[in-house]
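Have a look at these structures, which come just after this line.
Look at the two complexes coming up: chain A is in both, with chain B in one and chain C in the other.
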Partner chain A sequence: MSGKTSKLTRPGLPGWLILVGSVLLVLVCLFPFWWMVVSSVKTLRELYTVPPIWWPDTPTFQNYSNVLFQSNIPRYFLNSVIVSAGSTGLALILAIFASYGFARFKFKGKPLLQSLVLVAQLLPTAAIIVPLFITLRFLGLVNTYWGLILVYMIITLPLSVWMLTSYFKNIPVELEEAAIIDGASRLECLFRITLPLSLPGIASVMVYAFVTTWNEFIFALCFATDSSVKTLPIGLAEFSTEFNTDWGAVMAASVVMTLPIAILFLSMQRLFVGGLTAGATKG
Partner chain B sequence: MQKQSTGYLFILPALMVLGMLIAYPVAYTGLLSVTDNAGNFVGLENFRRVLAARATPIAFWNTLWWVLGSIIFQVLFGVMAAILLNQNFKGRAIVRSVTLVPWVVPGIVAATTWAWMLHTEFGIINYMLTAPGLIDKPIGWLTNGNTVMPVMIAINIWKMFPFVAIMVLAGLQSIPNDLYEAARIDGASFWEEVWYVMLPQVRSVIVAITLLLVIWALNHITIIYAITRGGPANKTLITPIQIFRTAFDGMQFGQAAALSVMFFGVAIVIVFIYIRTLASNPEEAQ
Partner chain C sequence: MAPLTINDVRKSYGALEVLHGVNIDITDGEFVVLVGPSGCGKSTLLRMLAGLEDISAGEVSIGGRVVNALQPKERDIAMVFQSYALYPHMTVEQNMGFSLKLARAPKQDVRDRVLDVAKTLNLEDYLQRYPRQLSGGQRQRVAMGRAMVRNPEVFLFDEPLSNLDAKLRVKMRSEIKQNHHRLKTTTVYVTHDQVEAMTMADKIVVMNAGRVEQVGSPLELYDRPANIFVAGFIGSPAMNLIAGRIVDGHFLGADGTRMTVPASAARLEGQEVKLGIRPEHLVIDPQGHPAEILTVEPTGAETLVLMQLAGHEVVGVFRERITLAPGKTLSLSLMPDHIHLFDTQTGLRIPLSPEN
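Moving on to the complex of A and B:
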């Protein structure tokens, strides 16, 4: 935006409209979270009063201690970390090679294969959930970490390949050509030149894949029915589907689940948004 | 410039995993759809049964309503937010970050939080509406058959409009400055600039996002499933949830597969339109 030098001032929204719009936008986006936090520090009696209490006189951390010490939530948290990290890591390794292949080589059927990867990313999960379940049951992988990690690669792998390919393409090929003349192999090119140069891209792919699997609900619901492998979203759903929902605990568990994502997102926001608009869904 | 075979070697491992995880289940779905639970070939019996089920047309119309209601407002609010965030004002960076929050947060957290806010007796929303007299008595948002679907759609809009906003914003910021300058020389007002410069320039972005939103609306069933599981009285039953319930509650894998095949058929058409649209914008699709 270079409005300073030009005599013609760029027309814009009137100031009051910007103010009203921004306030409205912030309220709509944040109010549910504010209410979630407020509810999580209320006692049972404070939760169930009309009119609602906007901020409790003495915030209690009883709900948090219930969630952290008397429920399965810490275990589910650990399960979520293992599954998300596992499927993100595995997908990334495969995606680095595949993306390099797509970005640097010409071969027959490349456009077709690339569109297949995109189709895989967009495939409705509901359409394949039944055979996946039967297959995993046959392989004895239902209710195991490996089962969930594998299934989550359906989500993370196409996404990582798609995003990384566009990153690799943006790295000048001349650097590698010079190295090849000096006798470097293709793999050396990838690991010594292309990969170090695309660290921001890798980071955004990792964040995006991790967040997506961390938030995933439907696959986990089908393939993790035992509390030893259940992930956080399932744990949270359990809290609220019981006959008598303890809303204070549900809200505290929601905060616990949102916090890592919020921290990860806020600390890497530039990468996250940049990577997304550049690669994930091009357009 | 390179040997073809090396390229294949690089992509082979990923393709094998994808083939195992996706191509095989898709083919298996086709097989399941024409067999019964014992594995005997039954022809189109599963399709006939599933089409005759009372829930199927209900789920079809609910799905249509869910997808259309969601995307129209997601795009509308998303574009409005993008135009706002494209203005220069103090604190824009903060407002932009905050706008993304609903999108980043886990779907299940959005579901539980909204379910609590919409609680009939103690929910904040009923209080906000009854206190100033907008409604006479609390509404059972999630139990009333007439309000439950609009409420689900509203939550979905809240969850996804930030994505539209950020993508359209990226499009708006890549509009060359001389287009604005030309408009300014012609004395265009702000709204004329929106209508004649901004919107035409991001039209292809909006088309691509809209198709993506359709696919996602069919894909992301967390909000509905976590809050209502399709109830009350099938009022929020959409096809993906019907597949899920047929398979895992009813244990009718064959019928669930038959439904999956039909659902897959529709979804794949939309996916291909999306890819064609991307491909027709060469500078964006690469």
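Moving on to the complex of A and C:
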């Protein structure tokens, strides 16, 4: 490799500059996370020291023990899991069927319907809070899991449908025709051929929907005022009161909140690589 | 195995009709090739036989049963796609057994049947591989195996060889033919390649612009093309066509060249005709018509010569080795028994003798 390629001059920036640039970029992106982790093991006094301490001499886990055993965070964590998993699952199921319809069938008004799906995404959050609240109250769903799950489903569904539609469209239609000739029904086509080949698309939608709902703040603040349904972002905010903020606890809780997302990303990473349809057709 | 009847079948997309009433009778066990230029409707017709497209009008019956309203799986057909359409997430064995699995056949039966077919196609060693790990020819064979596993009444092939390189295409062509000899399953095969059609078919259906131009055995089409389209489409290099008319029992080319034609052409006195002659029916003859050589293409066994004759470019194929260079003149005559005349107005062939 080195013998031949070294003679060719590569156009563009020199390699060392690209390396330095990338490292800088990564440092800037990761700095808040580093600060979050470091701060979570500092004592309150160390947090306010100037100049800042980059790594405390005696890391303390007092913040974690406070967060895990003396606050509502574990309960909020459970609520967040239920609400995010519930809305992600629901959005995924609906998105699969809606996207398959958009991707595979011709029907009147399809372009209009497809753009209407996006309109929900375009409305500013503040504009729909009040109508949603009234609706939820009418349905008796304020301060319930179902209320949050349905609201989150509404905000994640449009983009999920668009993502999956474009993914389904890329699966060669001959594969389904072959399956139909082989005796498959439409549903069998979807579940035995198209879905297994769309795993990277499904994974992206899951990560998108889960992360969006996991981090959502405004709706949770308005529709879940009882501690039995409050989610983690609200929990974080509760550490800062009118008089003081327990930054150590906020940081520890933030770490707790970040971990599931990090794990989700790492476990799905393999799927994003794609290339699942290699060898299907001519290739 | 079953006969297949296509009776006045039409296909329209809205107001646009793309198939204008197609009639084809296919007997039990016959190998029929649908051939035509791209866009002629041959693939659409095949997809209608398969049940992937609706039949707008007319009737398709398989084994005496009208299948218009039946789902593909109820038609007892199997199809091989141009792109093979192998399921990429399944092994060769799963690909081939998929239809039986959907039909809820017992697992052992599926395995036995797949192994059976795999043996006849030399695929036993590849059963656990995925399509991406196979070569083009192997993928092609798996696609065929997937169709054969079901033992259908009718095989449908949609340009199955067009993704292969030239050498492999010839090999797979004879493999498909051998399989047909062994299985004797009624087969409808779509291609745009007239060589494939000539070499494989029991019966060729030439299609053009949504119509059937002619149906017949390969040599029938070659020897007695029904019209100018078939004459030009079947045969490679194509039949030479020279425009002119019949004057005094002779063919008079547009540039004034007089050519002798069979005596029966005298009844066409004065009519505008096109004279057709196949490249191999031009012979070198000192008493013939002068033709200026434009290019010479030796292929070894024979030599193709492009010439200017009677104001038209014509191709001749000669077994002799031609050493003449472009720019020189060759003297040619036409084998009288192999001259075709076509009506310029209708494009239809004018029979010159009862047997030709």
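Side notes on the structure shown:
Note that in this section the second predicted complex is superposed on the first by the 247 of 283 C-alpha atoms of A that agree within 3 Å, B and C clash if a C-alpha of one lies under 4 Å from a C-alpha of the other, contacts with A are read in each partner's own complex, and residues count from 1 in each chain.
The criterion applied here is as follows: a contact is a pair of C-beta atoms (placed from the backbone, for glycine too) under 8 Å apart; a residue touches a chain by one contact, two chains touch by 3 or more.
Fair warning: this is a prediction, and the values are worked out from it, not measured in the lab.
More residues of chain A lie in touch with B than with the remaining chain of the pair chain B and chain C. Once chain A of one complex is fitted onto chain A of the other, the partner contacts of A:Glu174 are limited to chain C, with no touch recorded for chain B. Applying the stated contact rule after C-alpha superposition, one finds that A:Leu123 touches chain B and leaves chain C untouched.
Of the two partner chains placed by the overlay, only chain C lies in contact with A:Gly183; chain B stays clear of it. Legend: residue contacts after superposition of the two complexes on their common chain; A:Leu197 is shown touching chain C, with no touch to chain B.
On chain A, the surface touched by chain B in one complex and the surface touched by chain C in the other have residues 276-277, 281-283 in common. Per the touch definition, chain A reaches chain C in the complex via residues 172, 174-175, 177-184, 188, 193, 196-197, 276-283. Chain contact summary for the complex, chain A toward chain B: residues 1-3, 6, 8-13, 15, 18, 21-22, 25-26, 28-30, 32-33, 35-36, 39, 47-52, 94-95, 97-98, 100-102, 104-108, 110, 113, 115-120, 122-135, 150-151, 153-154, 157-158, 161, 166, 169, 186, 211, 214-215, 217-218, 221-222, 232-233, 236-237, 239-240, 247, 250-251, 254, 257-258, 261-262, 265-266, 269, 273, 276-277, 281-283. On the chain C side of its complex with chain A, the touching residues are 50-52, 72-73, 77-79, 81-89, 98-99, 102-103, 130-134, 136, 139, 146, 150, 163. Considering their complex, residues 1-2, 4-11, 13-15, 17-18, 21-22, 24-26, 28-29, 32, 80-81, 83-84, 87-89, 91, 95, 97-102, 104-110, 112-117, 119, 121-122, 124, 127, 131, 158, 162, 166-167, 170, 177, 180-181, 184-185, 188-190, 193, 204-205, 208-209, 212, 215, 218-219, 221-222, 225-226, 239-241, 243-244, 247-248, 253, 256-257, 260-261, 263-264, 267-268, 271, 274-275, 277-278, 281, 284-286 of chain B touch chain A.
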